[in-house]
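By letter and in written order, the chains are A, B and C; residue numbering begins at 1 in each of them.
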């Protein structure tokens, strides 16, 4: 299986704090990578390095390389706007934009200048079907996205990303506020989506990683402690810290 | 002797509610007083005919024009400048000492008395630039007077747009301007509009800054370099010189109606927005 | 192509921001430029503390006007602050939110009424009452204070309500859960938590009062003297500028600009204090 991402000695600083310390790892394509670890371990910072969202934080800088399909995306010459169209992100809190469901889904697409009605209609249906939301909203696409329930909003956010037809989907603790049914719907969607996308899922719920991820990486205090096949990591962890975290000795 | 808390509570409620009722009564009295004496004077003829005999008789038509044109000119100049400035400060710059100083400066200028703006307008526009007492001088002076307020209220409105909206927009590959145009401005618009409308209201009622820059000509203006009199200035002159109590009341009533309409519209817009959101 | 227009947009916005800020700087510079030379020539101490304002004799002491402005503002504070804070607490703590949402904007309409209308009502209604019941000309320091006190109410109420509402509900619940009445909670908890914001609102209100011109010209009497009683006629700094500007020339005019400088500096000081107080509230 080829690598989508090739991360070489990546460190990220917020002003003087070294938040991410010398991370080296490969992320295979068409695969779900789960990232686990306690709060403050750098999981989100790592995730946001993959679509250069850390740039939005004042005083942030990075060292090392992140190669995506062989190209170093940490380079200042990279067109960040184009990058983010290829790498989509779903955030921890569902953030529907204050617009209709339809407009939410096509927001990113319209940014590229695509406004053809039929094309957009098809795209909206396809995206909402893939995120397991179509049946619930197909008759009310004009309704404001903010009137959906939390679980529906998060699926809307996923559809919004899918409509961009990215190559990679990043999810940052997407189910943290959701009920079990919504959570399982999103997990089901991800499992189907991985055949077309590379998915990286940060989660503070180790059981979710065990359910869904093909590979899992464990972060602690800004360092990558261990990474490998999920089944292997959970049954035969190499490092003691990994074992302690997975068995719940700390969290 | 300790008074029972229930009793102090009772006293407190009585005092506080009395204060509120008093304040409301004051408001009602002011509006009522002006309307009682002024509304009878109002008529279509009053509003559309020109003053005669220095305002002792006749109507207030030229002052209506003045009261419309001056705030209009001020808004046309100040609104785009103010919104662009606040967008630039909030979205295109990092928070540095420079931006903090600018913000402090705008806050201060929002509190500077209008007479100072009148002084400035007189020395700069009327005299130094040679515009004379004119609509141009008055409009420009009012524009700089309301500019800090527009910057401030726009900034507050822009800041109140949740950070997460920006994040989402950027993560979907939007440029900064696209984010501003499609997400931030539409959501900040009601707050911005409210600020603009309140500034209109202030301009309509403004006297000190206007009288030294736009003059007090009673003729109907034909060009931007003509002097003009606003209702507020006219009212002031009528009242102070004791020219005509009746016309003074009529002018005051028109003035109060105008600002009430503007202010109530601003509230209505804000409320529509809040209702649409929730 | 899109990148090019991004740069252009940024340039346009920066140009607009730059011109707006320059315009505002210009005002400060002009006033100081016109007024400072006079202060240096005449002497700051003479200007501020001399008692005689007689332009035709070349005497430009603004001390009477300073005391008038200070007294009028102080009087406005005595009237406006307690009333305003009381209303603010009533609206935030005792009244259901739906009522508050109607009453607060209504009271804020007081801010919309032009100052000349306030002045006029002061002349027609307030001054006669003062004259008939307390003596004196009626057009007095007292009348000015009352009218200004009313005019600053909306400022004080608005900002105080915002401060009070910003106090976390958990503070109140903690107190009420211990069996305190609403008033006791206000008195012992909420006031302390919202203190900075309320003080800021009063200071901003004072700034408004100091800067008010038209209403004061109409009701305060405009005599140039140091007031010895609230019934005396007084002339504030702002009134002085407005009354004499139209016919002042030469050094007289410069003196009026210098008065403007004094006002400018005073307002900046007041605003600085208020923003420090407001920032303390945010930090809390």
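Everything below uses one rule, namely that a contact is a pair of C-beta atoms (placed from the backbone, for glycine too) under 8 Å apart; a residue touches a chain by one contact, two chains touch by 3 or more.
Since we're looking at a predicted model, the values are computed, not measured.
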item: Centroid-based (C-alpha) most distant chain relative to chain B; value: A
item: Chain closest to the middle, measuring from C-alpha centroids that were averaged per chain; value: B
item: Inter-chain centre distance, chain B versus chain C - centres from mean C-alpha coordinates, in Å; value: 16
item: Centre-of-Cα separation between chain C and chain A, whole angstrom; value: 53
item: Cα-centroid distance, chain A relative to chain B, in whole angstrom; value: 48
item: Sequence positions of chain B contacting 2 or more other chains; value: 175
item: Contact set on chain B toward chain C in their complex; value: 5-6, 8-9, 12-13, 15-17, 19-20, 22-24, 26-27, 30-31, 33-34, 80-82, 84-85, 87-89, 92, 102, 104-109, 111-120, 122-124, 144, 147-148, 151, 175-177, 201, 204-208, 212, 232, 235-236, 239-240, 248, 252, 255-256, 259-260, 262-264, 267
item: Chain B to chain A touching residues, read off their complex; value: 94-95, 162, 164-175, 178, 182-183, 186-187, 277
item: Of all residues in chain C, those that touch chain B in their complex; value: 2, 5-6, 9-10, 12-14, 16-17, 19-21, 23-28, 30-31, 34, 82-83, 86-87, 89-91, 94, 103, 105-110, 112-121, 123-125, 150, 153, 157, 180-184, 186-187, 204, 207-208, 210-214, 217-218, 238, 241-242, 245-246, 256-257, 260, 263-264, 267-268, 270-272, 275
item: Footprint of chain B on chain A - complex, ascending; value: 51, 53, 56, 58, 81-85, 88-89, 91, 93, 95, 97-98, 107-108, 111-112, 146, 157, 160-161, 164
